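Here it is: the structure, laid out below.
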Amino acid sequence: MLTPAMATTRGLETPASLLENLMRVRATTVSLCDPLEPEDCVVQSAPETSPAKWHLAHTTWFFETFVLQPFVSGYKSFQDEFVLLFNSYYESVGSFYPRKDRGLLTRPSFASILDYRRHVDSELAALLGDTSHSHAQDIAARCTLGLHHEQQHQELLLTDIKHLFWCNPLRPTYRERSPAPAGVAADIEWLAYPAGVYDTGHGGCGFAFDNEIPRHRSYVEPFRIASRPVSNGEFLEFLEDGGYSEPTLWLSDGWQTVCKRSWSAPLYWEERDKTWWQFSLSGMHEINQAEPVCHVSYYEADAFARWAGKRLPTETEWEIAASEHQQGGNFFDNSRLHPQPCSGETSFFGDVWQWTASAYSPYPGYRAQRGALGEYNGKFMINQQVLRGGSCVTSRSHIRSSYRNFFYPHERWQFKGLRLAGA
Amino acid sequence: MLTPAMATTRGLETPASLLENLMRVRATTVSLCDPLEPEDCVVQSAPETSPAKWHLAHTTWFFETFVLQPFVSGYKSFQDEFVLLFNSYYESVGSFYPRKDRGLLTRPSFASILDYRRHVDSELAALLGDTSHSHAQDIAARCTLGLHHEQQHQELLLTDIKHLFWCNPLRPTYRERSPAPAGVAADIEWLAYPAGVYDTGHGGCGFAFDNEIPRHRSYVEPFRIASRPVSNGEFLEFLEDGGYSEPTLWLSDGWQTVCKRSWSAPLYWEERDKTWWQFSLSGMHEINQAEPVCHVSYYEADAFARWAGKRLPTETEWEIAASEHQQGGNFFDNSRLHPQPCSGETSFFGDVWQWTASAYSPYPGYRAQRGALGEYNGKFMINQQVLRGGSCVTSRSHIRSSYRNFFYPHERWQFKGLRLAGA
Amino acid sequence: MLTPAMATTRGLETPASLLENLMRVRATTVSLCDPLEPEDCVVQSAPETSPAKWHLAHTTWFFETFVLQPFVSGYKSFQDEFVLLFNSYYESVGSFYPRKDRGLLTRPSFASILDYRRHVDSELAALLGDTSHSHAQDIAARCTLGLHHEQQHQELLLTDIKHLFWCNPLRPTYRERSPAPAGVAADIEWLAYPAGVYDTGHGGCGFAFDNEIPRHRSYVEPFRIASRPVSNGEFLEFLEDGGYSEPTLWLSDGWQTVCKRSWSAPLYWEERDKTWWQFSLSGMHEINQAEPVCHVSYYEADAFARWAGKRLPTETEWEIAASEHQQGGNFFDNSRLHPQPCSGETSFFGDVWQWTASAYSPYPGYRAQRGALGEYNGKFMINQQVLRGGSCVTSRSHIRSSYRNFFYPHERWQFKGLRLAGA
Amino acid sequence: MLTPAMATTRGLETPASLLENLMRVRATTVSLCDPLEPEDCVVQSAPETSPAKWHLAHTTWFFETFVLQPFVSGYKSFQDEFVLLFNSYYESVGSFYPRKDRGLLTRPSFASILDYRRHVDSELAALLGDTSHSHAQDIAARCTLGLHHEQQHQELLLTDIKHLFWCNPLRPTYRERSPAPAGVAADIEWLAYPAGVYDTGHGGCGFAFDNEIPRHRSYVEPFRIASRPVSNGEFLEFLEDGGYSEPTLWLSDGWQTVCKRSWSAPLYWEERDKTWWQFSLSGMHEINQAEPVCHVSYYEADAFARWAGKRLPTETEWEIAASEHQQGGNFFDNSRLHPQPCSGETSFFGDVWQWTASAYSPYPGYRAQRGALGEYNGKFMINQQVLRGGSCVTSRSHIRSSYRNFFYPHERWQFKGLRLAGA
């Protein structure tokens, strides 16, 4: 039995280290709810978001379904209905509760979900402690996958709470924070790369998702790529130049979206007396021109690039450049939960996910794995664009240069920005 | 300054008695939430329902807006944003938060809303205690209106929780209850009335809503009306006779609704192994044939009547007959929260609201009152049908023979049944 | 076998006279298409409209289905598929082609439909000429019904073409016409009626639809009713007084419709350089203040009346007054196809249908007839309002004081206006 | 002034030859309407289709706008409103009539559109005949573009008529045709290609669209590609194996589409007594197992490939192989208007467009051209997949191995099939 949805198990940790890491990550998820009322944890503010409580339960269901059920002999599910309620989309596991209605599940209560988590954590600890288990390697591999899956949902939990609080005219604060001093972003430097055949994709040790492999070759034309993301100040120029009302700057589907949804600024921007404000997990504050622009759709990123006479990089170009600049980055670990001003340093990671010009599709030689875990990544390889780099609400340990995130072009509620490229 | 949305203030209570009644009603609203988790109180399961917490807040806003603001000198609102958040639909009071999004308001928390209620109750007590207030009569009249308004929302709170729990595959229980013994409803007796000019509408002492007046005359042809509502057993015959698949039994709009929504039974009915079960506030139980059929739309009520070779009564016919049979009735006060089996007794009140053949429209001489309270009833006088009699979740003191309830013909989530009439 | 969907057959014409009338009406329908291109006859510009060709075919299907099939021994349908294609909504006759897709039926061609009409007309002539037919009376009765049905579709054909042409930026002209001279409507006189029990409904000789009977009694409070409809000039005052932006003037459903559809004037009105223009079957022309306002919804009619401090009459009040003023009226027969300026004369008929405050519901004692023809009127008795009086595109011979037309409150594409009433 | 939306003008024809070709193509467009009634030419059966008349007019508008207006001094448009009515989507040219409402334009009539075409053709002939025109080269280039644009609309006209006729229960026939003899497709051969850096994209002489350039390099892993498209017989196996009810075979968006639209077979397939029939431009006939499967979405193509243990080729792979097999192909020129049985011959062109695994995006170095013609291709480079090869309703002279067609993954009304690839 092979490890399904990951690239490699080479270099995995010892069971003890894995258990420690896993429990730390699991505890972090729960701690994300500390600033929340039980009511905040149950509501779903848009079809693409999920309630905090659902994130807590689903990540637990993941371990119960893919680790405990197959490997703990005689395991009895904590509560039978949870199989239905907290399956996200795994058709192979059975039917699942409609995604758009997750916010109706006032029961099980928050307290019950914490019980569920404790129960599963305790069973996981026992299982990982049994180093003589005949499937110890598989168990470790699946727990590693579950850990990364849980980190993804930590990010989603924060983006979903941000969206929920934005819908409330009271504009609640998730975490008090002193805003960074206002300023202007440092100038962009253009990093140049020659034409050639390059290797990208995950190829080394450590964990990777199946969509990052195999490592493979691509022929790339010469390109230049910006040393930092586009800033709020730059985006404001686009906006003030009439960018949102000039159709020729936009992809056709993008322009239709702009018109239909009456977009005139990034999500979470609000104009008050001719000044632009922005909603963050720390409430409303004035736009800081030095920060990377955030919460833009692919359409806005693409239109900005066209207006600027540039283009978005492909994911291959991005990965080639990013592989050389792995240091730094403002991640979840910094507790700021908001992009930080662009300094003069070349930076590819953290702050904002960066839209690429690449459609999300399989690498040459990609094969979806057998079984339910094969539904993890492959079945979404249509209609979405790849984003790279991680954001201020992504865990540092979750990200690498080969990491591929993907969203629909119109979606804005994640922490998404852009980086320019050119010939 | 006149009392806006009510028929009459004749025979109103003493200030002390009013205060006592009001505080008892206010306390009852809060106690309805005793069996609920905070999470249950925040979610909205359909656009036409509201969260429990919203009901608690809106009824309080009503007193703050229509009693405290105008009559307490220098009154400062408890929290300014609440004026926006908890205004239901009063255009004259200003803009209001979108009805369909009430379930997004995780803040203010349940606890904050209880604070709000305590604050307003305390101010109301002080105001009503000031018997020398120059507007004491107006204050008493508006408090009486607010009391009846609050009772309406008590009923809605229960029907909305029932709907919410129904959406949850766990099918939570609101209140444990021993079901009534299964049986068969007593035979219907037909009460006959001769042709003539009759008076209906509210004309006596005591409170009435403005839509119940003026008392007025109608010429009525001879009619017969059933001594009790239609039972589950009778409705089951219609269902088993193919009633839901025979278009000629239905109004055209009704048949389109049946097809579009795939209706094949009343709301909250579920077939399990060829037996019909029903969801109640006490969970799932088998259909009791002796109980009045409940949670049917106007379309189903009308189709049943056509199938039975009868018709629905007009509201005038209903009121003529009901005025003579005011005793009894299974109301909220009985704590059963579910219709009880039809005994042999003639009964017009409680158990289930009864659809009438009458469109909700103004009585001759009706005038919408001036000011915001004029928006209470009149502006809904189109596209809805009148229901009469109250239900098992209506307060006994809230109902009278002239009481007019109204809903859209397709709505089913209230406790609605029907009574037959004929020539 | 009784005549199903009509009130009475007393006083029907001789077979020869009926045949002559029928053929004249049938020929008129075809002549309505004279100014049209074949392309104009196939398109459906809104779900509630139908293509001209479909009207030609459906009225023919009506005679084939309800007269030829049952009474011509061995009758074979002209083309089998037409039973499906041109059944409007008769569930008893079998399935029917979706209403919203009628505009996709480019075949059968216009020419084929004319063949169909000729075939059916010829069969009808033979049947009506057979005075010894054992069902001669039923045949005559059904042909009479078909004749009135055909007149209804003549009106619909014209209203549907008007809507189609309006959708076209070229604003085509159906019929050249010299507009009436601009002016101001004569003053309204108020006709007063005392309280009492009145008889309304059809009770005499001649044809009537089943929804007009039985003649029955109603108690009516004293009322006054205007001698003429509301004029464009009066409606313009409402509009310029901000009527379309003041929610308290509107029924709740009306206000939602105004907002959702961005209504700011009656249908077919267009502002050009601060002057209001109007589209008619003769193209665009400036608003004539003396003409009755036309193409308003129930919501607009009701809001205007509230603004004016009046109300809409009930259908009973309308009929009581109209029965005394049967003369005159601008009908289809005048060939103007547009309302004419309001003179000083009291007029209840022609020009514009007049919305009443009455929901469309059955008269006391109404019974839907057995068989498919019972689907003609009764199944629409919900969610619609009654209109009275006929319009400039209604045939004179089609109208009487008991005639009940009915439409949904939001619909505007018929020639609909209003008349005020008050205490 | 450069030639905007095309790759190259090298090797263009002489003015005389171009004029002759252009007029032949223009005449062909009109002749496509010969089997149609005027009514067939006006209706739009789905938002993504257009009426035949609109195709006739829009292609003419294209020449008027992009050739006559800029290059004929003092040119006056044939009719001013046509600029609005027949602009498809060129934002730079001004506003345009809503795409979904094209079917409402019963005027201008078919005859008027023919006048419009004659007028523009005559002006074009004069302009092209003026070989001393100072912009003769630009004129020739734009006329060449217009010719290819017109060929695209010829194909669309046929696919749109097929869809329209399918919506009609009469199932009209566009062209009588004897069906090919039933049979079984010849076995697939697998053409193998080694890894390496390949050149694709248009690079030679002759016309190409701007999305086909620049010619560029790609690194490609070793691959094998099928010698012919997938046949009806093969697709039937997938269908009978439950392919349409097994979610794990589908992309997530695909499965949602299958469920929402209740897909259970390709478009235009219909089961009658356990035999599958298919609608063609010659009416209904039994499925011929030897023909390529046609009218499938990307989702169905992808699911079939997964079921077969293969995958779809990338557009680069397809072009590498197709460049070596340019002979043959069943095109519009053959007059069959339906795919022909798969013989043993290797074939890449004609019969059915073949879905590729490649998202439609710009080639490295692509630049959208300046001006309105820059809107031709680039602004659609999102959310669509590339198809290759042309179909039985594409003109032979319109296709080349570098030709990129593109549609949304859910669309099926074009003649679309698939070809398998593998490692």
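Order of writing sets the labels: A, B, C and D. Residues in every chain begin at 1.
To be clear about the criterion, a contact is a pair of C-beta atoms (placed from the backbone, for glycine too) under 8 Å apart; a residue touches a chain by one contact, two chains touch by 3 or more.
Just so you know, these numbers come straight off a predicted model, no measurement behind them.
Contacts with chain B and chain C are shared by no chain at all. In summary, no chain was found to touch both chain A and chain B.
Farthest chain from chain C (centres taken as the mean of C-alpha atoms): A. Averaging C-alpha coordinates per chain places the centre of chain B 59 Å away from that of chain D. Taking each chain's centre as the mean of its C-alpha atoms, chain A lies 38 Å from chain D.
Each chain gets a centre from the mean of its Cα atoms; for chain C and chain D, those two points are 46 Å apart. Across the assembly, chain A contributes no residue in contact with two or more other chains.
This structure has the following touching chain pairs: A-B, A-D, B-C, C-D.
Those residues of chain D whose C-beta lies close enough to touch chain C in the complex are 37-43, 45, 53, 81, 84-85, 97, 101, 103-110, 164, 167-170, 172.
By the touch criterion given at the top, residues 89, 91-92, 197, 216-221, 247-248, 250-255, 298-299, 302, 357-359, 361-362, 364-365, 374-375, 379-383, 409, 423 of chain B touch chain C in their complex.
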